[in-house]
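In what comes next, chain A is part of two complexes: it sits with chain B in the first one and with chain C in the second one.
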Partner chain A sequence: MTTPRLKVSQRSRPSEELAADRRAASWRLRLGVAAVVMALGYLVPSAVGSVSTMTVLFNGIVLGLMALSVGFLLNTLGWVTFGAAAFSGGAAYIFGILCVSHGTAVLPSAISAVLVATVASLLIGLIFVRSKALVFTILTLALGQMVLQLVSLDSLSNTTGGSNGLVVNYHGSFLGLSSAALAKPGQFWYVAWTLVMLAVIAVIIISTSRLGRLLRGIRENEPRLQHSGYDTYWPKVLAFGFAGLLGAVAGVLQAMSIAFVSTDLLTFGASGTAIVAALIGGYRSPYGPVIGGVLLTYGENFFGSSGNLFLYTGIGIVVVLVAFPGGIADLAGMLWRLGVTRVRARPAGGR
Partner chain B sequence: MPILQTHGVSVRYGDVRALTDVSLSVQEGHVHGVIGPNGAGKSTMMNVLSGAQRASQGRVMFDGHDITSRAVRWRRRHGISRSFQRTSIFPGMTVREQLALASRDDTVQMRLVAGAFGLSGLLDRQADTLAYGDQRRVDIALAAVGKSRLLLLDEPAAGLTAQETADLFGHVCALAREEGLTALIVEHDVEAVFGSCDVVTVLDLGEVLTSGAPDAVRTDPDVIKAYLGTAG
Partner chain C sequence: MLSILNALTLAALYTLLSAGLALIFGLRNVMNFAHGALYMVGAYLGYSVGQAIGFWPALVIVPLVMAAFGAVLEYGLLRPLAKRSVLEMALITYGLSLIIGQVIIEVYGGNTRPLNPPAGLGGSASIFGVHYPTYRLLIIGIGLGAVFGVFAWLRWTRTGLFVRAVSRDRDTARMAGVDTRRLGVLVVCLSTAFAGIAGVLAGPYVAVQPGMGDSIIVISLLIIALGGLGSIGGAIGASAVFAAAATFGAQYLTDVSALLPYILVIAVLIVRPQGLGGMRQGS
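And then the complex of A and B:
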């Protein structure tokens, strides 16, 4: 069957070329900013003297990576997942079990844990992405609770440690870092920061790619996209798998740094914290969830000493989200645009 | 030469018959109008032709091939596209982004269709900031880009003013004439259909009442009796 296209006689394409130039410039700017942020991040351990502050920052960017996983699904597909902990906590447990029960070295354990959790995410995505938004959210909630129950089973406690959790003893080194170095946030920071920023760059690349545009199209109007001849199923599966990958990396980083895995990593609260971090930071920006992760960790650490952690943290969350519904990154973007507008409006040579 | 044919298509919802033994022939390059009162089965027919709904009985032929069991995506990829009775666009995207998506980045074709529907000056506007009439044109432009050979337009003039309706039909007819597209338009605005279409089919209670040139259909006693009324 033939499918001829519309006949065209025009040759010049100024409007499209301008738009393509704008897109290319925007893409270069985003990657340039990411490279600068990444480079600045490597200076953090030398700039921060306090171990406790470094611990907060380390835990903050790891939570931020988990929040990035949640924010990616929220931003590209408009989906809320309550099961992020299933992949981060699940990967942490796989890592711990491989290290403890099988005596696998730390690097292959970490890689295997991330791979298994990502494949699991893709396979689960095959089923979950067929659902509509609300049902999807409930399915992810159910998944999180199932994984939590699974590792808590008495029959598996010899492997998972049951309610006591699992102390992880490392074998070998991880990218030149010994188990002692992994426990020091200032030394483990460089690896964690590199992985977090690679995740941010991957999110930027995907968001500006054809896949990202397709995912936005699904979010905006999936039936129309199908009537435009697109398969909408596999892009959703890929997005879910990618979110699982980000969560898995976050989970393994967390397990490596504290050398301990417990059911706390798999609770609904763990997934909820990632959602809150994504919202506070602003999930529409790839940096927002990371900013949110650091702010929330700092807030919890700060308010925790008062003995009224949930009360004060809750008030902080309400204030931030009511004042800045788009999150801190959105506020930063607004201030940036305001500054640019004022600079442009200033007459040349003016005082 | 017919590009689209239906043979004895029927659709039932339980005991209710939405379409009964509908046979239709749409010639390539024609603008073919379908009119009928509410409940005549017009939208059901559009759903069957676009693949959104399966016929209970009968066959749908496109370009000489039986496409009865083909899915929406297959039909779209082979040139059958549709617009919707309720505007269906990508509200959070600019007009350019969504036309690029629908045309698979065929920027030349995008520009042609945007020009044909008067959207060239709106390409960088986010769709949900456009006036309703402009959104309707975006909806139809989304159907027209991307290897389209047969446009199925479901009440494209719904909610438009008389002038907007005349402009819209003018755009569709010009596109059909100049680019060899075929359009099947289901529409309530009878005068717009009679004034623009090469062939008009009248549906009533799920059956084809008559089909032919606009003047012949307009004066058909059965049509006048069943639909247009004595004043028609």
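And then the complex of A and C:
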């Protein structure tokens, strides 16, 4: 009985190795591309002269980072979260409260805020990821509203500032940037861009890793993976925790740059905007949400006075979801793959 | 007593909206994120029609207009996309809510429109020994009346039986010969008409303004999740829970009780994903 099995495995090994080689090659290619994009990004502040454009770009990539957290869950697990603001806004508030009420310096405040929000996200993940996709969405919706209510409580308004929000006064400097420099998007850009690109690279690494394949497997058919002996619980918890980490970093960056936190950061609309950015840019690519964040922020700025942005983004979402479920980046990816498969298909066809 | 009546007023609005949401979810398997926007459209239409010919005609005309809007929604969006996943439809209807919200701002501007209760209902009535605004009693009456009407329709009529059957198990119901497409139109129209009634009633009660849909859609979605997606009875019960927590909690307990409904929703969904009154497993 062992002989046929041996034969099968011998025959399948070369193709498996081939697949592994191809994966490794594409992995190196994607990391190389990311490194080039990252390097080019550092040239942006010197290339862009106007402060207003720089502000749009800065806010865009920060929103993009939040959208990346939403898009990551959507892409790997097929989960929609309407509670992204709970982690980004929550971390922003922790940062603000540490700075204001406890007089903690900027850097330790920022690091603790991200840590607390990430740990919270892991702990919440322990409970939430047991649910199916639709129930998960409702749970995140409830979580988002709960955090908003918590911050708005009258009894906590001495700490949180209630509906007036909280003006954040900095103590000390952040990686050599004074509080005045943090308010200038041209100077803060380098830190934000580094963090955003690190997040993009982390998403690339995770999605090409074993964990990423497991997560996609869970998205496609969780019971089957369970029957095959895979643990599906911890990968989901890790994914949720990772999404919380990305959201937390985005929230703290935002709070730092405008030196102000308010309940606007925690609303249903704030979570919705992150989803919109991920959908507009395309959540299947790690760059998509970041592009979407910049496009949306640009649109907000461009349509500012007439306020028609949400009319167009609404139409955009409906059209994109109805016609191309993967967004702009997916469209580009589709065209790219079409080209690549054509080139690859030629020798195979000649055989 | 006063807070019970306040809770009932709020519960009446919540049930009107969440019953509509539950119906649409049961029949069409759509988490309609645009429902809050439809409610807002109802409120603005109620404002316009109310200014032009009066509150009472508005209470009849607006639901009819909204029912027509529901038919457009059904034929234009829900039916062609019937094969899409429930999450995709949630996102699409969310996009739709952004469009509707912006169109309203285009037409009416972003200002709050104050609205007075109709003539004769501006005063207060004495009920159970307390003086209570008459208009709010009207909300309670119409809101709860309409919802219990639907409840009775579902419970004791043949069509209602079909709707319940489809909500519970679409495929089996279709195999048994239920025309789900015709029921779909009926239910979507009913659902949007209810959003219209809620909007018209809410006009003089809360301010008519562009953000009114956003704040109530989240609560309504959580209500139907707590009550059991697709369950009307569950939606009525869960509305009462949310309304009670919003009115009693702040008055008799600390304001931390504002968090209670959310904690309850999370706890219930974890222990019983199908909600309190749900029969179908959430998918």
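Everything below uses one rule, namely that the second predicted complex is superposed on the first by the 301 of 351 C-alpha atoms of A that agree within 3 Å, B and C clash if a C-alpha of one lies under 4 Å from a C-alpha of the other, contacts with A are read in each partner's own complex, and residues count from 1 in each chain.
Operating definition for what follows: a residue touches a chain if its C-beta (ideal position, glycine included) is under 8 Å from a C-beta of that chain, and two chains touch if they have at least 3 such contacts.
Given the structure is predicted, the values throughout are model-derived calculations rather than measurements.
Of the two partners chain B and chain C, more residues of chain A are touched by C.
In the superposed model, A:Arg216 makes contact with chain B only, not with chain C.
In the superposition on chain A, A:Ala19 makes contact with chain B only, while chain C stays out of contact range. Once the two complexes are overlaid on the shared chain, A:Gly229 sits against chain B while remaining clear of chain C. When the shared chain is aligned, no partner comes close enough to touch A:Leu175: not chain B, not chain C. Of the two partner chains, chain C is the only one that A:Phe268 touches; chain B does not reach it. Comparing the two interfaces of chain A, the one with chain B and the one with chain C have no residue in common.
Of all residues in chain C, only 31, 81, 86-88, 90-92, 94-103, 105-106, 110, 214, 217-219, 221-222, 225, 229, 254-256, 258-259, 262-263, 265-266, 269-270, 273, 281-283 touch chain A in the complex they form. Across the complex, chain A meets chain C through its residues 78-80, 127, 130-135, 137-139, 141-143, 145-146, 149-150, 153-155, 267-269, 272, 275-276, 279, 307-308, 310-311, 313-318, 321-322, 325. The residues of chain B lying in touch with chain A in their complex are 50, 52, 62-63, 65, 72-73, 76-79, 81-82, 84, 88-93, 96-98, 100-102, 105-113, 120, 123-124, 142-143, 146-149, 178-181. Remark: chain A residues 1-8, 10, 13, 15-16, 19, 210, 213-214, 216-217, 219-221, 223-231 touch chain B in the complex.
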